[in-house]
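Okay, here's the structure, questions in a sec.
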Amino acid sequence: MSLSVAFRRRFDGLSLDVAFDAPDGVTAIYGPSGCGKTSTVNAVAGLLRPDQGRIALDDRVLFDDSTDLPPARRRIGYVFQDARLFPHLTVAKNLGYGARFAPNPPDAAMRARVIQMLGLDDLLDRRPAGLSGGERQRVAIGRALLSSPDLLVMDEPLASLDPARKAEILPYLTRLRAGGGPPILYVSHAMAEIAALADHLIVMIEGRVTHAGPLADALADPDAAALIGPAEGGALLPAAPTGLIEDDLAQLDTPAGTLWLPRPAAHPGPLRLRILAHEVIVSRDEPKAISALNVLPARVLRLVGGPDRTLVQLQVGQTQILAAITARSARTLGLVAGVSCFVVIKTVGLIQTG
Amino acid sequence: MSWLGPEEWQAVALSLRVAAVATLAALPFAVGMAWLLARRRFPGHALLSAAIHLPLVLPPVVTGYLLLMTFSRNAPVGGFLDRIGLSPAFHWTGAAIAAGIMGFPLMVRAIRLGFEAVDPRLEQAAGTLGAGRAAVFTTVTLPLILPAVIAGTVLGFAKAMGEFGATITFVANIPGQTQTVPSAIYAFLQVPGGEGAALRLVAISIVIAVAAVIFSELLARRAARRIAA
Amino acid sequence: EEITVFAAASLKTAMDQIAADWQEQTGDMVLVSYGGSSALGRQIVQGAPADLFISASPAWMDEVEAAGLVQPGSRRDLLGNTLVLIASGEADPLTAVPADPVAMLDGGKLAMALVDAVPAGQYGKQALQSLGVWDAMEPHVAQADNVRAALALVATGAAPYGVTYASDAIAEPRVTAVYTFPDGSHDPITYPAALTTDAAPAAAAFHDALSGPEAAAIFRANGFIPLT
Amino acid sequence: MSWLGPEEWQAVALSLRVAAVATLAALPFAVGMAWLLARRRFPGHALLSAAIHLPLVLPPVVTGYLLLMTFSRNAPVGGFLDRIGLSPAFHWTGAAIAAGIMGFPLMVRAIRLGFEAVDPRLEQAAGTLGAGRAAVFTTVTLPLILPAVIAGTVLGFAKAMGEFGATITFVANIPGQTQTVPSAIYAFLQVPGGEGAALRLVAISIVIAVAAVIFSELLARRAARRIAA
Amino acid sequence: MSLSVAFRRRFDGLSLDVAFDAPDGVTAIYGPSGCGKTSTVNAVAGLLRPDQGRIALDDRVLFDDSTDLPPARRRIGYVFQDARLFPHLTVAKNLGYGARFAPNPPDAAMRARVIQMLGLDDLLDRRPAGLSGGERQRVAIGRALLSSPDLLVMDEPLASLDPARKAEILPYLTRLRAGGGPPILYVSHAMAEIAALADHLIVMIEGRVTHAGPLADALADPDAAALIGPAEGGALLPAAPTGLIEDDLAQLDTPAGTLWLPRPAAHPGPLRLRILAHEVIVSRDEPKAISALNVLPARVLRLVGGPDRTLVQLQVGQTQILAAITARSARTLGLVAGVSCFVVIKTVGLIQTG
């Protein structure tokens, strides 16, 4: 299933001119406050009427010159930036609301799983009025998930949740993606969430799409780092456990080479590792007697200088990794394209996201 | 009870029936009209809204006359209804029509305020969950405007219980058939010394009104508690 | 000077004319408050600023008098009226009320003013009683709150027949007076008039003028029978 | 204009004055009562709400009669007002009182719905910004219920324009002093051939009502646009 | 100015029993969704009536058995979790709302500064209805700031903002604190924000305060790490620029020793450095030819073992730093209490927060 979006819409303050394709999987929309993210997903969901354009889910045209499907017929589940729970219904009934309209309503097991995953068991008989901000948002996520949508649109769904709850929900969304769930259009300010979840990245600025493409490419591209934010660049590596486990550490095969990381919680799907550029240390000599377990040989591909840091693109194994170091270090270490070196990655610095 | 004659009890029973039927029958139309005025913009919107208010502005007698003209056997509508045996003339249904029309503006206004207060974002949310227009209306909008619907219904019912001018002009005062409590009260007040009997009927009206309002307050409080944000 | 008259509403056309003439002649301003006799009577009892009261029935004048608000000696029966049976549209006059008047209604109603409360209705009930048809007719009577509303029921065709004053029937082209109830069949129809105890002096002159020939002509033209 | 006599124009002018004064004078009380009923819980709450509805339930004649008794020179209240020269009996102010009372339940109900729809969290927010109760009310609550206040005012005004039974019973039908348009219409309808004049007055009423409603719709639309969420 | 809070309040699902003192400065309240954070600040602001207790700002009793000041008389500015803007007022009027009730309303310069800092210039004439989620929240922050409160309560104020905007607003709040602004009670799920801003930390779980104390202690305490979350522990160091600048790097004096970091934006106040435990590398030998500039001698104080990581508390200079390393590394390096070693801190891995 693939979403293709192209539309214009003028507001007083801003004019939106948005075009992108969101293939299967999770597509993240990232950008500063007020750049048009919510407006864009509203247009996709049928809540904002573009001045012109075309929005289609595979062959199913949702909007064009002659078509404007009402939201109900788009089959797009929407987790709103504000929860928008139905105040007159209990949490249980809010959760069940979409099921009666779904052609393939979720079964009891699915329902139970969502409720448990979102920690809603104790809230089922409550009304939205008494819920905390995070509780509301969790119910809103559950409500959208349980409406069996063809596409899931989530507008900063985790912003009001604590890290523990986020950490609990993210893998579920990942599994949803992996398990043939609907594609997800995911609006977020948090690159950590995006790195954990998304396959594709759309960056919006002032009503326009300034970057679109696979997430891993964007993160590893020193030129894209400016767009994404100084602290967010790095590498995103697929990883497969080899099965070898020593000292509670698991050995993983990655395109960069073999890495060790704390034994992952039993995960069905493939793993994903995020290596932040500013957490990578570059060394000319191979470091010894050091607490960082993962030291890999590397070769400098190019350097992109910034005002207070230099981004070094390194070839490590079959992949590229980005390291953010100071200009002084780059000079002291004599890093120029072609130089061989080592990258030091702290074991526990690996973010295991999938 | 001994202090009211059988004819007066008949009037009380009839008034209750007339008011209940008038209110319930007018309710769907009032909801529809309120929706139209609250949610749609169209040429003539303000004029329609003004037209709805007319039964309030015109002296009830005038409304009664207009009803009389409309439903008289010589008029098309009245003639047709007469032929199919449904003529409201001199029938309690006519009283209900008069009461319903007189209460209509009150019902529409209250319910319209309800519609205007509903957060459209909740209706949007229902739409994204697959609910079509009708489903959004019945599962989200209607429950949310319940307090306003209750308020409108009480106003309509109270007006229907009290309506006199249009009713008596339209369907006259036939004991047991069209004599409502206000008609009976009016008749008593026309003769010197009739105040006592009139006051007894007034007391009955008050009891009924108080009961109806208290009942509606309980309903509304429940409805409001459920949707308290 | 200002003269405030409380008059039964059915007198409006005639009174408006008489008042206008009087004003022209004397310069006194005549304000007429029209209403049901019951409302007017009650208002006067409660202290309304009326100088002159013209009631459509003796009963409410009696009330005012009992409250001590009628200037002694000023009460007189000003007007009379006749009671007629009217039919909707064109109709042939009747020489008598038919033996089976219910059949004449053909399933319709007989429109009357409130038979126990409003004078026209009370007179009508008496008449039908004395003709021996009241018990048969009663279930078929539609009572209006006043005689004009009863007339309207017949005029619009809602009721085929009705009982009204002759003065009402005269000017309504959509009805025909088909039968005049004999005088003896009901109490005499009288409109008593009286000055109130605080009446302004100018009111007395107007009161007298109402009994004069010019006023009589106007009353007669409007279907009333001047009694003085 | 030639097709209405001076007396009728007087009636139109008086009706406008009566309706305007009645509505404006009743408005603060209606807002206060609506606030009380919407925001406070106290013993007798439902009873008070029922009492407010009584002018709707009782035939207008009864209300007029009760007013007459209350304000008559012989009664304590009326006697007192009479002595200080403020007696509303048979005065246009009495017509305004009658009209105000008859319209009161309509105003209260509409405005109360407005209060009930205000998000209390906004009032809380104003409180945390330092606004005391009165300031919260005037700067947040009142602007937010403006559409409801407008709706209530229109209902009250329309009712005041149309009020007949209570008015004529209370203050009679004295041209230039207490004769409102509905009373004049009534008087015309009581005489043969008066229908034409009555219809002209009905037409005037309709024009006024339409103008008032359209004006209110414009106001309400502006108010609603401002607070659209 | 110091806030002291002690109250109880029962709900159906939860009973709150909260007691803490918030001294001058910023006190953060941290805890999972639904633990009672919003309820607690509501009680402080006068929006939730405790069943019993005492709440006082210095000597001014806001609530006790005989007192219950209305919100307006508490003079507590509140940035709500939901923005709660006045829909009938423009942004400018929303911002100005509190000034007319303030005994010492902000002057035009202050107003201009807040508007500029929050990026609200272009929004002043707009109404809240058309604003994006982040725009709303920015207005809400400005509105509370401009009401000249004695205490500022902020309930997840930055959750809906993008990192760039957050990075812009945080230092302002810091300056507010440093410049004698009102004390702040700051509810947040994001330890990064808290680390940047707070002086004190309150951790709440299920309606109770489970930890209260200076933030730096909590972050450096291996035992507190369990409460705060596995990835959040570390060290918080005050830092003073020595004035020496080389290669765009500034030299800083810290209790741990001299550190180099990319030249900070011109900041008036003292700096604050956050060193996350999982970003610290421990080495037995002194590493050479490495891109990490900051290598400091250290001594192991104690080791606290966790399931997949070992927290090493190290004495570095006059302070303690926490390092999270794998159990294997701890063993391979022979780290036991008393052992001398080096800590490697990537220059750009220093989070400059103050």
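Lettered A, B, C, D and E in written order, each chain numbered from 1.
By definition in this document, contacts are C-beta pairs under 8 Å (C-beta built on N, C-alpha and C of every residue); 3 or more make two chains touch, one makes a residue touch a chain.
Worth saying up front: this structure is predicted, and the values here are computed from it rather than measured.
The chains in contact with subunit A as well as with subunit D are B, E. The minimum number of touch steps separating subunit B from subunit C is 1. Separation of subunit A from subunit C in touch steps, taking the shortest path, is 2.
Between subunit B and subunit D the centroid-to-centroid distance comes to 20 Å (mean Cα coordinates, whole Å).
Separating the CA-averaged centres of subunit D and subunit E is a span of 57 Å. Chain geometry summary: the mean Cα position of subunit C and that of subunit D are 34 Å apart. If you average the CA atoms of subunit A and of subunit E, the two centres end up 25 Å from each other. Within subunit E, residues 82 each touch two or more of the remaining chains. Touching two or more other chains at once are residues 61, 65, 121, 165, 186, 189, 229 of subunit B. Chain contacts: subunit C has no residue touching two or more partner chains. Working note: touching chain pairs come out as A-B, A-E, B-C, B-D, C-D, D-E. By the touch rule above, subunit C contacts subunit D in their complex via residues 4, 6, 9-13, 31-35, 39-40, 42-43, 46-49, 146, 148, 167-168, 170-172, 222-223. The touching residues of subunit A, counted against subunit E in their complex, run 11-13, 31-34, 37-39, 81-82, 122-123, 126, 130-135, 138, 155-156, 159-165, 189-191, 229, 231-232, 246-249, 260, 262-263, 278-279, 281-285, 287-293, 307-309, 323-331, 333, 335, 344, 346-349. Subunit D makes touch with subunit B in their complex at residues 45-47, 49-51, 53-62, 65, 105-106, 109-110, 112-114, 116-117, 119-121, 147-148, 151, 154-155, 158-159, 161-162, 164-165, 181-182, 185-186, 189, 198, 202, 205-206, 208-210, 212-214, 217-218, 224, 229. Of all residues in subunit B, those touching subunit C in their complex are 61, 64-65, 68-69, 71-74, 89-90, 165, 168-169, 171-174, 178, 183, 186-192, 194. On the subunit A side of its complex with subunit B, the touching residues are 45-47, 70-78, 80, 82, 84, 86-88, 97-98, 101-102, 127, 129, 143-144, 147.
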